[in-house]
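Take a look at the structures listed below.
Both complexes below contain chain A, partnered by chain B and then by chain C.
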Partner chain A sequence: MNLSDDISQGLKPLGNSSAINDECFMKLLDMCVSVILESEETRRLSQLGNMKLDVLKAAYASLLSVLIEAARHNVDSEVLSSMLAQDHNFSSSRAEKLVKCYVENRTKLQASLSHIGKHPPHIVDANWTLDYCIKDSSLDHVGKLQYLIQIQAETCDESMDFKKITKKIKFVCTVEELQDFVSKLKDAVKHVERLAVV
Partner chain B sequence: MLLILQDDHKQHINILVTQSEQVLQDFCKLSLEYLKRGPNPKLYQSAAQKLNVQPEVIRNAVEGLVHLLIRSCKQKLNDLDFRDSMLTLGFSEAHQEILSAFFENKKEEILNVLNNYSHDLPHFKDLEWRFEVQLASRSLQHQITPLITMKLSLENRRGSVAIPGEQLVLQTDPTNLVHLTQVLEEALLEARSQHTRRFQRYIK
Partner chain C sequence: MEEVDNIIIHSLRKIGCDIEDEIDSLKLFSPELVVQAAVKCLDIIQPQLGLPHSLPPSMSARFRLGASLAQACVDLGYPGEMGYQTFLYSNEADVRRVFMFLIEKLPKEAEKSIIEPAGRTEILVKQIGEVLKKQLQSPWLPSYCWRRGVRWREDGSWSREGCGHHQPFSSCDLNIPKTVNLKNDVSQAWCEYYVRYLPLVTDQVANRRQLVPSLINFNEKSIALKERLSLSVPSESICIKIPQRLLTCLVQDVEKSSQLDFSQQLMYVNDSGEKSKLNQSALSDKFQNSQVTTAVQNLDDIRTDPTSVALMKQKQEEEQLEKTREEVENFVEVTKETLLSVKKLSAKLAQLNEDLPGEEKALKELEERYAVKKRTYDLLPDAEANLSKLQSMVESSAQKLVSLAAQWEKHRAPLLEQYRGAKERNSNKASESQKQADAVRALKEKARELSDEIRCKEQLHSQLVAEYESISKDTKRSAYTRRIMEIIGNIRKQKEEIDKVINDTRELQKEINNLTGRLDRSFTDADERIFRDAKKDEVARRAYKLLATLHSDCSELVQMVEETGATVREIRDLEEQIEIESAKNVGANLERVSADLKQMKQENAALTAQLKSKLQSNNVKTV
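So, the complex of A and B:
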């Protein structure tokens, strides 16, 4: 994990309580985590106290980078703490606080990062109805079973600022076609299960 | 059950009643041609010259015959019903035999076409899948994410023609794959359930 000079520069005031006090530091940490997790509205930096806004901004950006880079490379807590202490002159209590926050949120941060990127729509559920067609406009006596299948898949809509949407894929199957479909899915399940055992 | 035709429909095929058996055979062939490839004005022109009528009369007769076949299939007339219906329309025994043979011959095919005409939703055609493990992405390195990528092929059916439809590439994780399989298996079981079978028997 390498940090650029700008980021290192921004980390300087965070290293001890002389420039940024403990309360403000914890608030900054909270803000960073919630921004990455997209869990709540971002607060304004100016609400954190009367500090120089440019210093605060740089510190915030640097903290954000540290958390993201650490999660991205799955950095060990010890490695992170020694890096903060040695390369960036963090006091042991400050480094401990940051590492604690990182360890607590690592899984969530990584889950959030894993969603970034381009994926095919991800299937999450399926619905079905079974119909018995009695009569239709072209045949007086139809008498056949038919499935209407709706598969739900989550995807990002590129036209709507990559908002997460659920795509609904609808198609019909005769009983034989559904048998074919299910047998192919079962094949896949069997294969995955066999690999899971190994 | 007899086939009941509208008056102008009757009028259109009435010209066939008085024709010879050979001519009726030819009209059956023209109808077949119509079913397969649509109307063919050139053929109607020459037929009209032979019978000394307007080409439009020929076309009406051909379309009338086609419509007659479709109606008979739609109502799933059995052979006896069809025979009686033809005789009621004024066809002779010999004519009726030709028409019955023609109907018998094409029944399956037309039924098949009619069966596929009703819905516009695409049909399931094929599913290909592959199992993969995502090892890294730009935003998250060192990961082991099992994924199943699938290609779902759909197909549109218009009558007897199958038009290749959308091909969707989808992805899922093992848990959701198992879930999807279970849900659809349940659906399959429902087709064989007592409730469904009882209903099918009851409605027949």
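So, the complex of A and C:
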């Protein structure tokens, strides 16, 4: 986990209690966590008492970055505390508070970070029909079985502000192709199970 | 034998046999238990065998199971004899031998001892496996049970399921105040901009979803930039690009915040009419002019309503609105103008401020020149005297200067020396401090490495402790080893005793041989002598006869003694055999066998009866 110079400069006033007092620090921490978790309650910076606003803004951004980066790299609590104490001159009580808050919210932060990205469609349902084709326009005698398969999958639509929509995937296959498909699916399941046993 | 039994029972329990606590020797094993344990062992040794785990009720099936068990054991390489009777009509010694063989054949757990993954990839694969396992074990949930596409478990872990609540990684540029500046290059204007205009990072992003990507992007970008700068000479393109981008950003920010101010002003002006629509939330959502127009459109829509009163009201409102709009526009223009003039004036002020020191300097120069000129004008009337005075003054001052220069030289030399020494010392000190700083840095690095190492070691330690605890549940290793050592000591003692006995017997044998040899020789000697005398003397003849009978009697006696010994040995052998046979408790087993045979016969009879009745019923049907 690396932090840029701007971020580490912004962290400096957070480290000692003379620049930012404890109450303000805790409020700032709460605010950062609630912003990342996108919970509804938000405070304004003016509620934090009369501080130097530029310092506060920088500290706020830096604290956000530290929490995000730590959660992103799944940093150990010990590593984080040693990093804060050694590289950013945090006092031990401050580092402890920050690390405690981080450890309490780590899984939530990571879950919140997991929203970012693209995911393949998620299959929720499948319908099928079996047709027997006797003849068609070009052949008098076909005599083949045909499976019509329709898979319903949930996906996010980019044009509609990433709302969940259901997409239908349709395809036709013969018995052999269906068997092939099913065996491939089973292979995939087995592979996952084998990974899970390890 | 107790120790052996304990070991066997312990290992049987370990592979999952259900042995009750009160059973502590193989003597107490019932045939069911023996069969169950043997099947468990064979299952582990050869999993493909597929034998039933419990004894079936029917006699013939029991016989078949016993036979197949025995066959499996023989196939594994059991050295002794075995058949179905070994399992069904067991005796202690046989069972012990079989179990010792089977337990020896069990695959050693030590062979598949877990080699703890050391590398990063192994740990990752393990973690993936754990997560997948958890996901596979959890039941299906309908999509409305997820919280924003995430399933939370009771232990606090989570997994992403389904496809909802995704957001793309889209970021925008952020601007963070530089508060602590090393070179003091943050000017007053920047400071003011940071304090007054720059919005929070949370408000700099257009969409709340962009915040996290933007922050990640900001961090990574500046790290990458720093790396690139440290790698090569700063390329000009970067240096030029950044200020430009910053400039556009700044302009946007200033505009935004000024808009905010206007909207606030608007709030106070339109306290009566518009307050309901432009409430606090609209304000915080960054009020924009478009909203006013939409409000106007809404009003237009309402105006089509036919009721006249409403129409009047609307007209009034519209007029008011129009007025306020004009006012707002006026305000905007006025503020723009004032802002512009402020800008101009401040620029002018700055210029004037810049000019000021130059002007002051010029003023001082002029004043000095004026003073000199004034003095010369004062001296003009008495020119010659003043001239000579001046000359003498000049001379004296020149002399003074020379003496001062000499004095200065005198002072200067030691001072220069001192200065040089100080300089040298200073440089020494500087290099020393540099060295110390280097040492401090190296120490810090080392401390970090050491702390990392300590952490690794601690992890390993805790892992090993956990492993140790999981292993050392009920192994009586030390007890076993002590026991083994005792046994070895006993065996050594016994061996010594046996050696002693063998030596004794050898000596005895030698003595016997010696004695028999001497006997033979003395007999032949005596025989010859008496035989020689026997031709002449009657007494000697009788003595010879007596000698012959004595010899034959004695040899008979010796033979008898030997025979008795052999018989005694035979008796002992037989007694041992009897003991072995009695241990097999043939009588009881025979009874059981005969009972089983009877049962089997009964089963057979029942089956034949059934068959007959079936046949009869078939016959009846066909008739």
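Just so it is clear, the second predicted complex is superposed on the first by the 118 of 198 C-alpha atoms of A that agree within 3 Å, B and C clash if a C-alpha of one lies under 4 Å from a C-alpha of the other, contacts with A are read in each partner's own complex, and residues count from 1 in each chain.
We adopt the following convention: contacts are C-beta pairs under 8 Å (C-beta built on N, C-alpha and C of every residue); 3 or more make two chains touch, one makes a residue touch a chain.
Note that the structure is a prediction, hence the values are computed from the model and not measured.
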First (chain B), second (chain C), both or neither touched by A:E96: neither
Partner chain(s) touched by A:Y132 [first = chain B, second = chain C, both, neither]: first
Partner chain(s) touched by A:V192 [first = chain B, second = chain C, both, neither]: both
Contacts of A:Q9 with chain B and chain C, given as first, second, both or neither: second
Chain B versus chain C as contact partner of A:E158, first or second or both or neither: second
Contacts of A:Q86 with chain B and chain C, given as first, second, both or neither: second
Touched partner set for A:A58, first chain B, second chain C, both or neither: second
On chain A, the residue positions that both chain B and chain C contact, one per complex: 72, 110, 113-114, 116-117, 119-122, 124, 153, 192, 195-196
List of chain A residues in touch with chain B within their complex: 71-74, 110, 113-114, 116-117, 119-128, 130, 132-134, 136-145, 147-149, 151, 153, 169-175, 177-182, 184-189, 191-192, 195-196
Residues of chain A touching chain C in the complex: 2-7, 9-10, 12-13, 35-36, 38, 42, 45, 52-55, 57-58, 60-62, 64-65, 68-69, 72, 76, 78-79, 82, 86, 107, 110-122, 124, 153-156, 158, 162, 164, 192-193, 195-198
Chain B residues touching chain A - in the complex, by the definition given at the top: 73-76, 111, 114-115, 117-119, 121-125, 127, 129, 131, 137-143, 145-146, 148-150, 152, 154, 168-174, 176-181, 183-185, 187-188, 190-191, 196, 199-200, 203-204
Partner chain A, residues of chain C touching it in the complex: 125-126, 128-129, 132-133, 135-136, 143, 148-150, 152, 156-158, 160-169, 174, 176-180, 191, 194-196, 198, 200-202, 208-209, 211-213, 215-216, 218-219, 221-223, 226, 444, 448, 451, 455
